Amino acid sequence: MARKKHTQKILTQTIHNLSTPESYNTVYHEPNHGSPMPSIGELKNIMELIKEIIFPGYFGKDVLKEETISYYTGVNIDKLFQQLSRQIKRGLCFECQEQKMIFANGNSCEEQTEMLSLSFIEKLPEIRRLISTDIQAAYNGDPAAKSFAEIIFCYPVIKSLIHYRVAHELVKLAVPLLPRIISEMAHSETGIDIHPEAQIGEYFTIDHGTGVVIGATSIIGNHVQLYQGVTLGAKNFPLDKDGNPIKGIPRHPIVEDNVIIYSNATILGRITIGAGAIIGGNVWVTNDVPRGGRVLQSHSRTDNFELGLGI
Amino acid sequence: MARKKHTQKILTQTIHNLSTPESYNTVYHEPNHGSPMPSIGELKNIMELIKEIIFPGYFGKDVLKEETISYYTGVNIDKLFQQLSRQIKRGLCFECQEQKMIFANGNSCEEQTEMLSLSFIEKLPEIRRLISTDIQAAYNGDPAAKSFAEIIFCYPVIKSLIHYRVAHELVKLAVPLLPRIISEMAHSETGIDIHPEAQIGEYFTIDHGTGVVIGATSIIGNHVQLYQGVTLGAKNFPLDKDGNPIKGIPRHPIVEDNVIIYSNATILGRITIGAGAIIGGNVWVTNDVPRGGRVLQSHSRTDNFELGLGI
Amino acid sequence: MARKKHTQKILTQTIHNLSTPESYNTVYHEPNHGSPMPSIGELKNIMELIKEIIFPGYFGKDVLKEETISYYTGVNIDKLFQQLSRQIKRGLCFECQEQKMIFANGNSCEEQTEMLSLSFIEKLPEIRRLISTDIQAAYNGDPAAKSFAEIIFCYPVIKSLIHYRVAHELVKLAVPLLPRIISEMAHSETGIDIHPEAQIGEYFTIDHGTGVVIGATSIIGNHVQLYQGVTLGAKNFPLDKDGNPIKGIPRHPIVEDNVIIYSNATILGRITIGAGAIIGGNVWVTNDVPRGGRVLQSHSRTDNFELGLGI
Amino acid sequence: MARKKHTQKILTQTIHNLSTPESYNTVYHEPNHGSPMPSIGELKNIMELIKEIIFPGYFGKDVLKEETISYYTGVNIDKLFQQLSRQIKRGLCFECQEQKMIFANGNSCEEQTEMLSLSFIEKLPEIRRLISTDIQAAYNGDPAAKSFAEIIFCYPVIKSLIHYRVAHELVKLAVPLLPRIISEMAHSETGIDIHPEAQIGEYFTIDHGTGVVIGATSIIGNHVQLYQGVTLGAKNFPLDKDGNPIKGIPRHPIVEDNVIIYSNATILGRITIGAGAIIGGNVWVTNDVPRGGRVLQSHSRTDNFELGLGI
Amino acid sequence: MARKKHTQKILTQTIHNLSTPESYNTVYHEPNHGSPMPSIGELKNIMELIKEIIFPGYFGKDVLKEETISYYTGVNIDKLFQQLSRQIKRGLCFECQEQKMIFANGNSCEEQTEMLSLSFIEKLPEIRRLISTDIQAAYNGDPAAKSFAEIIFCYPVIKSLIHYRVAHELVKLAVPLLPRIISEMAHSETGIDIHPEAQIGEYFTIDHGTGVVIGATSIIGNHVQLYQGVTLGAKNFPLDKDGNPIKGIPRHPIVEDNVIIYSNATILGRITIGAGAIIGGNVWVTNDVPRGGRVLQSHSRTDNFELGLGI
Amino acid sequence: MARKKHTQKILTQTIHNLSTPESYNTVYHEPNHGSPMPSIGELKNIMELIKEIIFPGYFGKDVLKEETISYYTGVNIDKLFQQLSRQIKRGLCFECQEQKMIFANGNSCEEQTEMLSLSFIEKLPEIRRLISTDIQAAYNGDPAAKSFAEIIFCYPVIKSLIHYRVAHELVKLAVPLLPRIISEMAHSETGIDIHPEAQIGEYFTIDHGTGVVIGATSIIGNHVQLYQGVTLGAKNFPLDKDGNPIKGIPRHPIVEDNVIIYSNATILGRITIGAGAIIGGNVWVTNDVPRGGRVLQSHSRTDNFELGLGI
């Protein structure tokens, strides 16, 4: 009995401690107007809807006939419009500073969110076209690939790129917060971390993909092929007078058309990898590479050495 | 009101654009006979069933007594037989070219799918035996491992290998598409990417595992141990006269018995790593390594250098 | 008909084979007293509850007002206490050898599990405080970060560290098995593999994160920053007279305050990386690095070489 | 321990007893060809789909615009066609006696099920029209009704009649078993038990409804109104030489146009209630009632009597 | 092939027929401002929340301690406030005629819905008190009742009355449509049909209950007890010049304190059943009954008669 | 702002009011030892399991082969044993007065619950046999019935009797509370209210069923057939000196073999309806009826009378 009382006392005390503003204020964000936060769950639904729209028959419903595609697309677009409008509104409220949100174009908040949602949806045919070039690139680049369908079903690069291309379109519409959440979903599922602000051309592919990082100011041309573990990162970035990193400065590589970068290569800084260059695996590159150039790791030692059994 | 009309007009137009054959044909695959596509959802259920069958008490139901194991196994096998037959049929239809599917052995499509499903199920005791050697290898290779049960519950290598060993068995039965989907599930969850066509012996283990890639024509002996980030990849592959990669040529390493390969090593091409060899971390190997050989990275510089704060 | 009989015969035979003790004993663990095994599903719920408690408004419920935080926290703590007590009990039973479980402090099994669960819950405010330092470190270390909320929502390092900091607290309470299951959840989702026994200070951050490995006896100071693919591993470990690795020997690095380690660096063995040191990307370090030291990869070759198209 | 063994022994014995054919054969029905039984769960989904199709905006999706109705209807019809075909096939198999099911019209089983499913769907606009007359009758007959929408949302008679009108259409197509299952769903939900073979005209309504029974051979005209507890039943039915009731003989009342029958009246046998007749509450009628006739209960006693407190 | 085309043609034609305004307009209701319709699903959730709040420990969560009741109540009230406000708004929009909804008190639509929702919630303690008198009446009236808890768990009258007392409170707040939906839920589950506008005193109980009907203008005193099948109905109601029933005229009985009405009795019209009266089963009453009066059915015949076997 | 504060103040006040013991104590039941209350949700699962066990192939799984019945039965019995033991324990705790629960047979609480659960399960084959007689009776009694399977799928009497026969078996084992909850589930679904303490013979059937009430001390022989709306009730019951009904006195009818009772008949008091008697519809019987006797309602008036349009 005494034990029960003691238990309850500590629970009550901990609840109190966790409910004091001093404790939760460090991690608490109250969006403006008491509006709700973006919902990761609904953003997942949104991505499922988009996959069903882009790839009829693969996701969601597994039998799809030509005659009925338009009905399913119609319903999915209608749902997407509602759900995406709601989440975009939450994203805007999240950053909004003013009590009355009026946009530069004179739109009310609701008008603005519907306008943004609509602008995004209008781009879906183009997003599908881009992804279809990526599928073709994956097929051409991998001797183990047997069909386009296999690539759509299985290849992590396609999961990653549909998230990237959607998130990037939202970046272009200046929607806050949502693009990062969407791209992190793909990072979690595939191990491929593409910042939604990066610019990537057509016919892009990544084989295997785990560990790839593509930084926010990277610019990638057409027909570029990466392998697992490649980093397109920043080398250094200037600090402001308070010692904080200055935002928005170009600091990641430019990779021109037809470049191939092999596994675990690390490319750092605002350098240019010229068109058609090939970067070997496990190298560390911090200088420009000319068009058609090749970079290879220095030779490994192959001799006897003492090494234990594990890590 | 005008805004509402404008919105609806754009939505309707986009639905139309996405429903024209020109748009969806690039990503659309209609399996033969209008039969449905393989279902990723049901394949996930199938893998859950197999885990419950192989590891009684760990997955699915958390209390299991010796007296009731046969009931649960009986029900799970019955469900597995039905679900797997259905998905194998979808896999076969997916590739099938002819209107009437008659197999070399004279089987109808339904007979063939049941025969394949049955052949797979017959192999489950052997798959369990193989996985139990892998568990033992993981236990022996990791001083942090405390029990077999901990390894079954927590170690990503076991998740990865149960998917691999199941998918590889389906490869041996020439089931199309399904093996790749199954192995990608494990890749997504563990960051370990094992192609289902690779051949892997007993007592195989991978520590940590994120970023490991094992290519389709790799051959791995018994008692082999890998660490995270290891690539067993292709160095180059011949193109046909149209510039497309020729399929099916051996292009990945042969790793003999008792080899250890440390983290982030990259082994490329149809080379042989001789029995008992040790490959150090972060190296790039493109030539044969003799039995008992050692390969180590060249020395790093340890001096002052200018480097910024981030990537 | 004959086919149906044949099918059923093989299914029945396989069920029998899988239900014989010889087959399942290799992978079967019967916890003491016939009590159930830990449930991965409920441990996932527990982590969801903890995330809701630590980050009010981000997870679970998306509208949260200051006036109602205490109600939600109260309910979540009450649920957590019950679920965590149940799982801790299963963890204790799992290892328990004796028929009657009496603890050194004279507690019965139930008293001990409630005591441990309570001790953990009492630490939640401190866990929240620690995570909030990690959020600040992530914000300061990444010029692309726009707000604390973005970091909580999106950054894999935060997912990873909340699992680590929870699991580590359970390690300190000597709860068996659960910490490893909890940390593997984060490994699977983020590609960051932190052993729950590692010791990590405040203001810790990892950028991108995929492929990071932090071994069980690692000690990490305050204000340390890692990048993707960094390994803090063991170089070798002594074997006992039977050839098995000896457990519990310190074998992973000590990383002092304010160290930065760039992507894919591999640091092995019980060495010390001195305060303020910077380790470059893709290097392999097996010796101590002095305070303020710098380690950089040797130069790559940049020349023409023969390399194929893929891996 | 002995107790545990005893427990397991009894469980095992009971499982055995329940699995012997002698036990389960009394309640077991194996449909022909080993095909599955009709699924009550899927039939519930089918009724939900039909409700969504008939009443856009009330069930399923709660926001529906004129512009998008055709998309939602298209998807729902497509789903309905597939699910209903599957269940009709199960219904046919259920009764089928022959190994090879060939129908009088030369159809295969699959062709026949699709033909029946299609014929049903073609009738949906007419079913909607009929229900809309019933809604109008409910509105006119109840001074408490405030709008058509209130009637669609709340009135049990509408739930009951949509099930009846759907089931009756399936009766007309000679689909076995399904109509009874569908009408019992409505009976369970509303307490109104309408046999699907009964014939009911337009503008039919039942107020409150609990306890109403309408037998299989009843014939009801237009503009008929019933109250709760009314029975349209059989008075007696001839037996065959084995003492079993002869099937299919008309044995329930004919109720002509514009009849009103008040609560708990019992009308038995193949009698005719003439057009415009009014039947009072709690009466028992076994003879014809002429056009415009009135039937009323004999007077109750209103005096002191001894009666206890309960039942 | 021809068959497939024919099938698709008929499906497409039916979709078209169902999507023409002429077809769906008869059953379609577009609420004002394009706002959504009330959601039956969410109203069910609302009733679950209210049951959890009123009866802590019985519904929802099955372990509840005194120390934690306030947390659970706090969370449930917060959820209820949000969900109920949303549904009340939909109810108001449903009836709203004007483009800009301004209420007599000057409230905007959102202010009005929150005000109504709040007013309802404020009444919950009183609703709990009333229900607790009903529980006591059920306990006293039924010799088979063993505990209050059994009554709360099992007795349909309690399910029915909690819906009635909630719906009646919403009627008093002039919330449209929702009260009827809520009371029909209970009708469907219990067979007891209480119109939410009826007025019912304290300590009210109904035994068994199936088939009971209590009309909209009924007035019931305290300590009244009904049995199954009792109707408190209208005898007739005046029509307006168009032949439609005139709304809102008192037309159902007044039942004074301490009345008992036995099973299947039918009481019709605006008559008064005086305090303490007892009405026997199966009677039909259309005149006032004095205080303390008794009404009994006339004697049944008990003789031989010709009757068949079934209905 | 002021409005928000006002709202929150009222919500907080109401939460407080509902959390004071004075408010919730009237409806609150704390079972002994802080153990949880019976769970209606799990009792529903238990009934689903029992239906699957009794009727293989109809409920739960829709394809069942003779070869696999024993596996499914084994799993379902194992689950049933665990779930039923847990709920029986809750039922016992609910009534338990003492701190240490020791039963007359010397069993601990856990031993007693397992013993009761086991005794129940042992009766399942007999329950199945009884239900199969009821199915036969329903088939013989209804000319509209086409097959046993139709009766199992559709007839409410079977739903009702499986609940009754299960609940009655628990009554015989003196399990508290659970039988009433189980029988109320069937009442809610079918409108048939059978008290679990009633005694009912073999070959029992009820046609249509809505509104039937069978009181707690009723005794019903073999081959008895009822119709909808029949009441077997109490006429009066003696009060104790405090005016409360005395519990456990026989007060409901005895109905001997081969009796038929037509719709809406009311039979009250501890009278005997002799074997082979027939009771007509809508009658009120309070005296014994001899063997083979007939009871019929007195004649209705059939004349003109003034009656309105509705109720």
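Here the chain labels run A, B, C, D, E and F in written order, and each chain numbers its own residues starting at 1.
Methods note: a residue touches a chain if its C-beta (ideal position, glycine included) is under 8 Å from a C-beta of that chain, and two chains touch if they have at least 3 such contacts.
Everything numeric in this text was worked out from a predicted model, so none of it was measured.
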Show me the overlap between the contact partners of subunit C and those of subunit D.
A, B, E, F
Higher number of C-beta pairs in contact (D-F or A-D) found for D-F
Turning subunit B onto subunit C by a C-alpha fit takes a rotation, in degrees to the nearest 5, of 120
Please pick, from C-E, A-D or E-F, the pair whose interface repeats that of D-E, with more than half of the contact pairs identical by residue number.
E-F
Select the chain at the greatest separation from subunit B, using centres from the mean of Cα atoms.
E
Rounded to a whole Å, what is the gap between the Cα centroids of subunit B and subunit F?
53
From the C-alpha centre of subunit A to that of subunit B, how far is it in Å?
24
Interface hub residues of subunit C, defined as touching at least two other chains
15, 63, 65, 70-71, 73-74, 78, 141-143, 191, 208, 210-211, 213, 215, 227, 229, 231, 233-234, 237, 245, 263-264, 268, 280, 282, 297-298, 307, 309-311
For this entry, which pairs of chains touch?
A-B, A-C, A-D, A-E, B-C, B-D, B-F, C-E, C-F, D-E, D-F, E-F
Quick check: in the complex, which residue numbers of subunit D touch subunit F?
3, 7, 10-11, 14-19, 21, 23-24, 26-30, 34-40, 94-95, 141-143, 176-177, 180-181, 184, 187-188, 191, 193, 195, 197, 207-208, 210-211, 213, 215-216, 227, 229, 231, 233-234, 237, 244-249, 251, 260, 262-264, 266, 268, 278, 280, 282-285, 289, 293-298, 306-311
For subunit E, which residues count as touching subunit F in their complex?
53-59, 62-63, 65-66, 69-70, 73-74, 77-78, 81, 111, 114, 118, 121-122, 124-125, 128-129, 131-132, 135, 140, 142-144, 146-150, 152-156, 189-191, 208, 210-211, 213, 215, 227-229, 231, 233-237, 239, 245, 263-264, 268, 280-282, 297-305, 307, 309-311
Over in the complex, which subunit C residues touch subunit E? Could you list them?
63, 68, 70-75, 78, 82
Which residues, counting only subunit B, touch subunit D once they are in their complex?
8, 11-12, 15, 65, 67, 71
